[in-house]
Structure formats: C-alpha cells, structure tokens
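Chain lettering (A, B, C and D) follows the sequence in which the chains are written, and residue indices restart at 1 in each chain.
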Amino acid sequence: MHSEDETSEAIVIDQAVDAAMQEIRLRNRLQMSERFRRVRRQSLVIAEPLSAEDCCVQSMPDASPVKWHLAHTSWFFETFILERFEPNFHAWHPAYRVLFNSYYEGVGEKFPRPQRGLLTRPALDEVLAYRKDIDQRMLRLIEASKGWRDGEMDVGGFDTLLELGLQHEQQHQELMLTDIKHLLSINPLKPAYQAPTPALRDSAALATPLEWRSFEAGIVQVGHDEDGFCFDNELPLHRQFVEAFACASRLVSNLEYLQFIEAGGYDDPALWLSEGWEWRRQLNLYQPLYWQQDEAGNWLEFTEYGLLPLESHRAALHLSYYEADAYARWAGARLLTEAEWEHAACEPRVEGIEFFGVAWQWTSSSYAPYPGFSAPQGAVGEYNGKFMVNQYVLRGSSIATPLNHARLSYRNFFPAAARWQFSGIRLAKSL
Amino acid sequence: MHSEDETSEAIVIDQAVDAAMQEIRLRNRLQMSERFRRVRRQSLVIAEPLSAEDCCVQSMPDASPVKWHLAHTSWFFETFILERFEPNFHAWHPAYRVLFNSYYEGVGEKFPRPQRGLLTRPALDEVLAYRKDIDQRMLRLIEASKGWRDGEMDVGGFDTLLELGLQHEQQHQELMLTDIKHLLSINPLKPAYQAPTPALRDSAALATPLEWRSFEAGIVQVGHDEDGFCFDNELPLHRQFVEAFACASRLVSNLEYLQFIEAGGYDDPALWLSEGWEWRRQLNLYQPLYWQQDEAGNWLEFTEYGLLPLESHRAALHLSYYEADAYARWAGARLLTEAEWEHAACEPRVEGIEFFGVAWQWTSSSYAPYPGFSAPQGAVGEYNGKFMVNQYVLRGSSIATPLNHARLSYRNFFPAAARWQFSGIRLAKSL
Amino acid sequence: MHSEDETSEAIVIDQAVDAAMQEIRLRNRLQMSERFRRVRRQSLVIAEPLSAEDCCVQSMPDASPVKWHLAHTSWFFETFILERFEPNFHAWHPAYRVLFNSYYEGVGEKFPRPQRGLLTRPALDEVLAYRKDIDQRMLRLIEASKGWRDGEMDVGGFDTLLELGLQHEQQHQELMLTDIKHLLSINPLKPAYQAPTPALRDSAALATPLEWRSFEAGIVQVGHDEDGFCFDNELPLHRQFVEAFACASRLVSNLEYLQFIEAGGYDDPALWLSEGWEWRRQLNLYQPLYWQQDEAGNWLEFTEYGLLPLESHRAALHLSYYEADAYARWAGARLLTEAEWEHAACEPRVEGIEFFGVAWQWTSSSYAPYPGFSAPQGAVGEYNGKFMVNQYVLRGSSIATPLNHARLSYRNFFPAAARWQFSGIRLAKSL
Amino acid sequence: MHSEDETSEAIVIDQAVDAAMQEIRLRNRLQMSERFRRVRRQSLVIAEPLSAEDCCVQSMPDASPVKWHLAHTSWFFETFILERFEPNFHAWHPAYRVLFNSYYEGVGEKFPRPQRGLLTRPALDEVLAYRKDIDQRMLRLIEASKGWRDGEMDVGGFDTLLELGLQHEQQHQELMLTDIKHLLSINPLKPAYQAPTPALRDSAALATPLEWRSFEAGIVQVGHDEDGFCFDNELPLHRQFVEAFACASRLVSNLEYLQFIEAGGYDDPALWLSEGWEWRRQLNLYQPLYWQQDEAGNWLEFTEYGLLPLESHRAALHLSYYEADAYARWAGARLLTEAEWEHAACEPRVEGIEFFGVAWQWTSSSYAPYPGFSAPQGAVGEYNGKFMVNQYVLRGSSIATPLNHARLSYRNFFPAAARWQFSGIRLAKSL
C-alpha cells in the first residue's frame, strides 16, 4: 500500500510522462504535415522538366503517363483517406474515381490501362489543381487529427493509411522516371530528361575486380523486423534455411555485360532459359533496352541526359530477368535468392554501398507470399497480394528510388520480360 | 503572204495579248499567295480549340495526332516543293524528313505510323514555328515564281505541286476533325470540341419522305473533265455503261437507321456480308460508332458539341461499309456504284443539296484505277495509286470537308470497317 | 375457226409432241442418275491416293481436310435436297448437321472452321459410309422424280438444287486438290500426291513470245447467257462499257516470273500496292508459295509429284493478287478487268487454249454483284452473295478444275493474299 | 603381415564376392531388357484404342499427336543412345532427327511445335516400324552391354541414359493420355477413349470430412536421397526451413469445387490472383476444363469414358493454378509449398493414399533450381533446367501416371494456365 507521498509523487511523474508523450505526439503530427508536403512536392519536382505533352502520353501498356501518376497518387489519398475521414467529404470530380483507379476491383470500375495515354482531358493544369485541392484537404485533416483522442496515433487506421499513401507516392515517383525515360527513348530526337551534365563519371567501385563473399549455411531471418513502415508483402518475419553460398561484391558493369554480348551471348541458346530464348528470338534482341551501336560500331546508351557513349564502369541496367539469368550462366554463376540477398545485404562486413541506390537486383525468387502472409481487409488489400504469380523479386533500390524509400526487406517485383526499370545483376554461387 | 500593215497590226495585237496574258499571270500569282495563306491558316483555325495535349495524342493507328497533321502538311511543301525549287535549300530539321513522312517510300525512312502519338517532341510550339518558317519560305518562293520565264505557269511543275500541296492540306483538315473527334469520344468526360451551341436543329430535308429518282440505262462519262485541279485517281475521263437504276432523293436519317436497329438489324446474319457479320460479332457492335444508350434507354450521340440526344432528322453518320450495306439490304435496296453516283449527282433535276456537304456516301465500288490510269513519276506518284486494293469509294463530301474541296469526280476511299469518317448512306435500286 | 379436220390433226400433232417430250424427259432423268454417279465418284478418285491421316488434317484455317470436303458435299445433298424431298426423311446422324455445315447461317450452328482438322471422328470410313448412304438415297430420289408430274423438270426446284449440288461438289473437288497440296507442302518429307511421273514437260505455248491482242472500245455483254447451269453470281447478263485494251496472248511463265524476282521485284516497294508491300514484308516473302532454292541456288517447285526442278515454260502458279499486280506493274502492264477478260476470252480469233485449264487468272475486279443481282431465297442464297466484299475475281479455270466445270462467265474469287489456289497472271494494257 | 592361410582365405572370399557381383550384374542386365520391353510396350497399349487419325492430330500447341509421342520417344533412344553406343550407327531416316526433336537446341533444328499435327507422313504404320527397329537395336545393344568391361554398370553412361530414356517414355505415356483426352473433348461427338464401363464409383476417401494434419516448424530435407533413378531437377538433396503448417487429409472433391462455383467463385475478383482473373475473364471461364452443364442444369464431365454425370466424391481435376489458388482462398486456406508437400507426404502417420495416383497437386512453388543444381553436360542437359521460369510445381502423381513412375521427390511443372493435365487441389494452412 502506498503512502500519500508516494501517491502524489506518482501523480507528478504520470503528469510529466503525459506531458512528454503529448509533446512527442505533437512533434509526430508536425513531422507528418511536413513529411506529407515534402513527398508530395517531390512528384512535382520530377514532372518539372516535362511539358504537358510529355506528361500526357503513354509509350506502352506497362507504363503510365506522368499526368496519370500525378492524378492517381492523389486519387489514392482521396479514395482511401479523405472519403473515410473527411467530414462532409465530396469527390473532387465524380469521373476521377474511375479514371484514376489503377487496379482496385474493390473500388469499382477502372479506366482501361492501355488507354491511359488517351486522356488529354483533364489537362495537366486541372490535374495540378486536383493535387492542390487534395493536398490542402489532407493537410487540414492531418491538422485536425491532432485533436482526435488527444493526438493518439492511428485512430481508425489514419496514420497507417497516410503512411501507405506516401510510400505509394514514392513508388510512383520511381515509375514516373522509368516511364518517362521509356517514352523519350522512342523519340528519334533522343531528348534528354535533364539538362546535359558533364559526362557521367564511371563508378570507382565498378572498376574494381569482382570478389566473392562467402556465407555459411544456416537459418536466416527473412522479412521486416524493424520499427517503421513496411508493405504487407514483407511480413511476417520468418525463417528460411540457406545453404552455403557466395555473393558478388558488386554489380555487373557495362564492360562485363559488353563482353557477354561480344562473346555471342545473345546467339547461344545453351545460355538461356527456354522461355527467355523465345522472347529474345521473337523480339530479335541483341543488347539491353537502351543500348545501341552507331554506324562506326561505337556503343551508345540512352540516358536521362540523352544519348551518350556507353560508360564501361557503370552498372549494366535495364535488363530483363531472362538476360540477367543468361549472363549469370555465361559467367559460371547464378542469381541470388531473396533469402540469400537479404542475408548478404545485412552483413556488416559487406560494405553494401551497391546493395542500394544503383540498380534493382533480379533474384531467382518468384514473387510469392511469405508463410503466414495475409492481405489487409478491403480494397487496400489488393495492393500487393494479388500479384503474387509469374513475377520475379528484385531487391535493393536504384538511382531512381526516392531517398528513404529503400530498406533491407523491400520486395520489388516485375515480370521476367520487364526491362524498363533500373534493373541490374548481382551474381551468386553455391558453395 | 501578209502585207506589212497586216504584219504590224498582228504585232500590235500580239503585244496586247501578251500584256493581257501577263496581267492574268500576275493576278494568278497574287491569288496564289492569298490562297496559300488562307488554306494554311485554316489548319490553325481547326487546331485552335485544342490544347497541346489534345494535339499530341493518337487514339488508334488509323488516326494521327493533330500536331502530326500540322507538321506533315508542312513537310509536304518542304519535301516536294522547297527542296526542289528553293535556292540554297536547307532542311528545317534533318529528323523531320523521317518523322513527318507519312507513307512515301520514295522519300526514304518513315517513323512508324502507330507511334505517331508518342512524339511529345517536337512540342506543338516547335511545330507551329516549323509551319511559320515553311509558310514564309513558300510565300517568298511563290513571289519569286512570278519572275520565272516571265510569270509562265507551272515552270518545272511548280504550280501543279503547289496546288497539290494545298489540296493535300485540305484533306488533312478533314482528317484533323475526324481524328480529334475520335480521340475525344474515348474520353469518359465526353469533352466538346466546340463550345456548346443551341441544340442542333434537325434538317428539314431529312424529314421528308425518301423518293426515288430514276435514270435510264446508257453510257455515262466518269472522271474529271472540267478545268481546275483534280487528283490523279479521277483520271482519265472515260466511259462506263450504267443499267437503269433509281437513286434515293436523300441520305438515310438517324430515325431510319434507328428503325433498322430496333428491327434487330444487328442480330440477323442474313442482312450482312459474311465478313461484315464476323466484324460485327467479334467487336460486339450494336450501333454506329458514336451512338450510345443511357440507362433509361434514351439514345445519345457524341458530337463535336459533346454528348447530345440523338436527333431524328439528321443524317446517320460514322457507319462502316458493312453497316451501310446491311442497312441497304434491310431496306430492300442497295448502294450506288461510283458511276451511278456520279451520273445521278450531276443531273440538274436532282437538287443535289445532300450529295455534298453532309456525309460521304459509301458506294459499292472497290477503289480501283480508271482504265488508262497512270500515277505521276517519283514519290508524288505514291499519293493515290498504291492504295487501290481492298478499299471502298465514298463520294460527295461531308460537313467536315473544307469549302471548295468537293467536286463531282472526287474519290474518297476507306477500308470497309472504317467508321470514324463522316460516312453515311444513300440508297439505290436496279430497275 | 378450225375445221374438225384441223382439230383432229392438231390433236395428233400434240400427242406426237407429248410423246417426244416424254422421251426427252426420260432421257434427261437417266442422264441425271449417271451424271450424279460420275461426279460423286470423282471425289473418291481424288481422295484415293491419300491415307486416312492425310484426309483428316487441316493445314491452315483457309483450307479444309479432305474428309471434311467428302462429308460436307454429302451434307449439302442431305440438307438441301433429301430433307426437302425425301419421304420420311431422317438425318443420317444428328450431329452432322452442325459438323459439316460450312457457312450457312440459315441452317443453324456451325462447327468452327479453324477446328475442322480436329475431327478425328467420324473416321474416314464412317464418312465414306455416310457418302454411300446419301448416294443411294439420292439415286432413289432421282429415280422417283421421274414419276413426279409425269417427269416434268424442276418440280419444286428439285433439278435446280440437284445441279447446284453437283456443281458444288465439283468446286470442292478443286479445293480438295489445293488443300491437300498445301498440307503436303508443309511436310519436310515433301511427299508426292501422285506417283512420280516422267519429268513434266514444258508447255510449248509458254515458250512462245508473248503477243498482244487488241480490242476496240465498246459495249460488251457480261454474264451468263447460254443454256445450262450457272451460279447466281453470273447473273444477270448485263452491259458494260470497255475502253480499248490489249490482252496478252498467254499466261506469264515461270521463266518470266523468275526474271521479276532476279530483277529485285520483291525488294522494290514502288512496284507494289501499299497493302501488298506490307503483306510481303511482314511475311518476309521472296518467291511464290511453292518455290524454294536449294543450297546451290537452283530453283525448285513443290508439285503434285513432289519437289521438282522449276520448269521454265510452265505457267507461274500460286501467286497472290498482290504478286500478280506487282509483276504486271514491273512488266509495264496491268491485270484485266472481269469485263475485259470475258470479252477477250470469247473472241473466236483468240485461240483460248490458256484461258481455261491452266491457271485461274487474277482480274483487277473486286468481287461485286452484277447490276440487278439477287440471291435466291433461303439458306441456299448464302452460297455466293454474302462474300461480295474484299475479294478479287479470278477468271478461267486451272489444271485442278474438273472437266465440264469451266465456262466463260464463271466467277471464282479469293482474298488478295490467297496463294494456295492454282492462280496465275494474264497481262493487259490500256490502249 | 598376413599368414598364407589368411591370404588364401581372403582369395576365396574375394572370388565368392566376385561371383556374387557377377551374378547381380547379369540379373540387372536381364532385368534391363525386360524393363525396356515392358515400358516400350506400354506406349503401344495406350495407343491401342486409337485410330491412325486420332494419333495424327494436334488439338492445341501445348499438346502433341500420339503418333508424334510414339516417334519422339524412339528418337530419344536413337539420338542419345544408339548414335553414341551402336557400332556402325546409321540413322533410320535422316529427316527424323529434325521431325522428332522436341526442344533440344544442342541436337540442331526442330520441326515447329505447333505444326506437329500436320505431319500426316510418316504414317502411323511407318512410325510403328521405326519403333520396332529402334527396339530391336536397343535390345541388341543392351545384350551387348553385358560384355562391356565384364558387365560393369554404366560404362560410358549407358545405363544412366537408358534409364533416362525409359523414364522419359513414361512421362510421354501420361502426356499421350492427357493430349488425346483434350483432342477427343473438342469433338462434339464426345467420343470415349475407353469402352464405356459401369458408372465410375465415387471414392470413399473423398466423401469423408476433410481433416487437417499439423506439422511443426523445423528444418526439412528436400530432394532425392534414395537409391534409384531421379531427374536432375530433384537434386541436390538440401535443407529448407518450414514454418508450422497444416496439410489437408485429402484432395478437394468435385462436390466441394461445385460449391465454390455455386457460391459465385468465378465472379468474385477478390478471390483471384490479378493475372488469374484476367485469364478467366478473357476466356470467359466458369468451370473446370471438362465440365459442362446440360440444358436442364445438370453437371456433366467429359472423361476417358465419354461424357458422364459429374461424380460428387471424385477429385476435382483439370484445374489451372489460378483456379486452385482461387479455390484455396475461398476456402480460407492456401496451397502447399513444395517443401511442405514433400515433408507432409513422407510422414508415416499420413496414410498418403491420395498423395499419389489420383491427381497432381499444384504447389505455390515456382519451378526453380535447388541450391547447387547443375544440369548435365550436352544436349541432355536441356531436359529440365531450361524450363525453370514462370512455371509452377505439381507434386504427387495422377491416375494417368505410369506405375513405378511416382516418387516423393518428383517435380512435375506446368504454366499457371495449364488445365489439360490431371491437376487437382490439396489445401494447406499456416499455423
């Protein structure tokens, strides 16, 4: 039993704790507004160098127009947050619910994906006005959320959805860059996305000899286990057994990939998966997506800065899974599995500089649910789970990935034939 | 033998004639500049209500972006006239030769037609600058041509090519209207090309009972026989024998076409050509291109003014050859042949108001060369002749045809499945 | 007013005429049975060198298995004659009505055309049993028809349908030969349809220099105007005006077509219709359907006798309309129109040997109804009329055409890309 | 140092061992001939109920004609064994090397897979003669191999290749059954492969309530570790970590699958993988491959015995991966992984009757190489490895699998859309 003193002391302490918590909550809230502003602004920064025409067009069904990305990311906030939390919610425009729904069957009708580039209306200016309105309403809502249950986090799932919306926007920021690169690449004028810069410098790391880091067999943890956000597909944290393997110290460089080409790699079916060989043969492919040879035989690469001479010591990019796999076989190696990649990338002795920020790395792991995976209820549950078939996981992050959007357990995924992402190769070997 | 007087008199007369001719030539030249300016300006008038985004996008491989039309028509003058006649010719941009070549194999490479909508660069502004430059240079050349051999017409074929360039531009003016209509129609916002006007009024002519005008069997003249311009495919003037027939006094109206629909016309294979039935079935079509029914069952039509209630007494438009043929069979009639159309349309007793200016009229004549037809030498010879297979001739002109661009012998042609032109039906019967 | 004598004389004459007519009718009837037997037997003669496997398979959607032809031609008699005229008609097998319906929407369901080759059941033997049954019942019916209204012709349209059935069977006899040739040609064993014969001899006619026969302008008669059978599409007889033209004295030979190839004809877009050029380019074609070059560069042709050295002075065969048109342009000539062909082929001074019996000759005439054409009532009316779009007429007949199945007004028709028929080239010129 | 006695004793023992070994070798050899005869004979037994026509036709590109299977399995022995081991080897027919090469790039050219059904020649009889010749030569070679190095096993890899050839033949025996079932199913006559039997009896096991067997988390062994043959893709034996899970005691029955259909399973996108939903929607699928409803609404299933009423308590068969996955989601469960399946199937307490012999069971594991996998050198190395992308593993065996061809580590694999195999569903749950 407590004495009165103890009791009053406890009360004082409780009050102090409450006050501290209150302040943390406030700071979180303030940061949230600021974070929202920053992420949203970044999408506009990416669109800045582009004309309304550039933003409107769709170069292939896999890609989307920049304007569509700008609208869809706003639609995400409107549909999954404002509609649920905003008092007296009204849709900005009734048609947008359909026009900018990407793939959520639970939300209703969708405008056909291959026709997104036909939407010359709403004009870019109207989409920017839509963004502005959504931003203002979201910021008012974030502000108002400070008062909900005294600033408590995630009332009704608000903060979780807000964070999801921002992560979603960041994913689309990378897609905006890959999609616009693809569009510009088709144009015979070979326009630069960014003003020409001094010639790209080769990366020192990629000029060093490739080394092999060995890892012993054992049980490893796979999945998200830190604080902070992750997508549902990174859960649950679980165990996998990994046999002994070695992991390359760096990515495959342009120079190395060129050697594969010059050794006849694109002509030898023995190096390719059967399906990959058919893909290559039918499309008559002999080099990565953005490489070409001029009449004198010099190799050029279409980049964000326009068409430039191929740099030897940069990472080979824009490769399909089929190409990554064929290169690995030619090099007497193989690709990493997801579990191997995650295990290797978290080892402190592996400096890791290239695990992130250069190129997404194809793994040999088909995109599948982790044991015990379950998607959230409702339309938001369609975010990841329904794509878990016939796609391959890429790990790491690329030069186009927004800062703070990469993490060890992040699972990117694309079909084996996809080449327009910043996808490269890290080799592995069984020991 | 002439006396001296006669001789000097003749000289005086000759001089007078020369002076008169000289004046006519000068007037022709002046008119030419003015005509050039007007036709070229009209293309900009058509593009006026459109944004840069609207002008950039291509809604289907058969259509082209408005910006592409604006550039290609300039390319035509640059490639076929300036390059040949301009002293010190220099290309405005070397890449444009390929980018804006439509189908002239004789000129060289072409940018792939289905990708025209991917050309966000050059921007609309750049294309307008290109047009302006071509206009200035063309006008200088027209001015200069006054001095060629003392103003003589068609030195080196200049005037013929100039006229061809202007007729070509007028053809593209109609295509700009049909292509933009198609693009806007796909947009769920159903945007109007032109500001909404007071409701379209029904046409009095189409409310009158359809009558049959009879024509006796006999030899008729087909082809161009007047002064003034014609395309090569309208030549040579030749004879055809036409058996006795009757021609409908007016086009088929929306009301009549609706009766065909309501009588189950789209469900009865006995009414259709076999190929047309497969086309209808595979595309699951049950009405003209721009018709739709709202939930209450009311018929609406997408027009230049947006989506409007269907008007009964306007011409049924945007029909394929298959639909025109099926309708005619249902109505116990048939389509006219080219020769019949041309014969009927030139009869003074047929008031003719609807032969021109409302809807192109499908004929049952496959697009084929007239006996003795020969295409001009060089790349310009590809203008018409190489398309003479698997297309059907449409006669007359439509509400989208530029003024002064219609004539009795004009042969428009499209594949049997084409519906995005202003194509309608005039019935006929054998007697 | 007649005297009694005159009357009784008239009666005597009438009786004599009646007796004569009666005899003619009987003879017609007897001939009919015999004709029916002969035509039906000929289909089996064609199938004779083939195995059940050969008869079952379909090499492309345009072709049909020989077994299917054998069944479908029997189906035709069963459906259009026995069902209507046989007392106590019963279907041989209820499923056959659908299985062997080619394209008659009026009869009901059809088994999908591209899957005809999947029908391993009924077996060939069962189809032969079906044929035998139909033959017996038809012959009984023909016998019985002698008693209908005292042997009067065409009671209820019986004789007309019977003749149509036999003509139909003859059409399929040619198709059996072209379809089996195509099937065998795909087999790398290059099997011969017929036992190898002494090397084909060149045709003397095709070794002679090509000459031009001139025809004056004027009105010509087109269509069927003789006694005897014709298809509905050959009617009505009508007038066409033909401008002066010249017609080649013989078909184009292999030697001449080879010169076109060697002159780069397949590489020069200026020679081709635009659509033909795309067709050639996409399929990467450089020679007629059944030509190939061995490693030493010698030309070979797949024939009914297997793969043989190309004979110079035989008719160039198995050409598409696009190829025929391109060759003609290269040769400074053109193809004949239907009316020109019919006019030229009926001239007594043109010996005509090659108008028939060697190769069907592409005309530049799109397959269209003659003025006043009307299809018969009912499903039989689907025989010809519904195909009158996007096909081109071929005139004459080929080495594969049954004897007695060719005539001046006969209109064969195929799409412009079709090559597996015995189709060749006769040149023309406008004068 | 050994005494003489010991030495001589040792010699005696050695001799006894040698004699015993020699006898074992001889018995192995004798068994080999007998085994070869039996396996080869079984292929003919499967073809026995079929006509030459049935054996010739290919119903879809994924399937092959029975005749082709009969020839290809002989080609395998000829190409990979006779060519290498037979003294004075001569090819049976030079063209067969190409005609019956399935997918071995290392062997050279291949006849295009989708055209296998066009090979009416060689005739079935010729293929049977080819089989007979290969059999005789193989048996002579097996006989001769007894003398190689005194009957030593696998001289030059002979026995390994022989066993591979027989296993290969057994795989094709199952494919013959699935391919012929598909072909017959398309025929509207719905022919039975086997003579009608008394109605199929429901399986007692499938009428019992489904139970869940639990398995604890832990490291499990995956891959082949027993004596006897396995394919390269079952190696190496390796470890995987499996989280706790439950495995269904039996397969999903027709009755249960019907409940899924009747609950609207084919109409609810929330149950389907996104790609599966598109597949279902585009093909307009509403039931398993061989199910249909008669006009009265009764469910029928096309079987080897023809079209029969659907049996409630038989395993649901002929399902795609997409359907298996959607069913599992609807049932609140999921599919097993490969490792889980192999672990569950080898537990003694699981009676296991249905793990084998009823239906191949889709796993959620993409077909991928085991860690340390390496394919054999040469063309034989193409057998399995090059297909390790975009396919899903099926485990167990089916009613169509040859006796002695099933084993715990066997990995069957097909694309997610494949339905014509005997593929069914076993459910799982994470614990």
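Convention: contacts are C-beta pairs under 8 Å (C-beta built on N, C-alpha and C of every residue); 3 or more make two chains touch, one makes a residue touch a chain.
Keep in mind that this is a model prediction, so the values were computed, not measured.
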**Item:** Between chain A and chain D, centroid-to-centroid distance (C-alpha), Å
**Value:** 40
**Item:** Distance between the centres, which are taken as Cα means, of chain D and chain C, whole angstrom
**Value:** 49
**Prompt:** So how far apart, in whole Å, are chain B and chain D when each is placed at the average of its C-alpha atoms?
**Reply:** 63
**Prompt:** Mapping chain-to-chain touches, which pattern fits: line, ring, star, complete or other?
**Reply:** ring
**Prompt:** According to the definition of touch, which chains form touching pairs?
**Reply:** A-B, A-D, B-C, C-D
**Fill in**
In the complex, the residues of chain D that touch chain A are 103, 105-106, 217, 219, 238-243, 245, 269-270, 272-277, 321-322, 325, 334, 337, 364-366, 368-369, 371-372, 382, 386-390, 416, 430
**Request:** Flag every residue of chain D that touches chain C in the complex, lowest number first.
**Result:** 51-57, 59, 95, 98-99, 111, 115, 117-124, 183-184, 186-189, 191
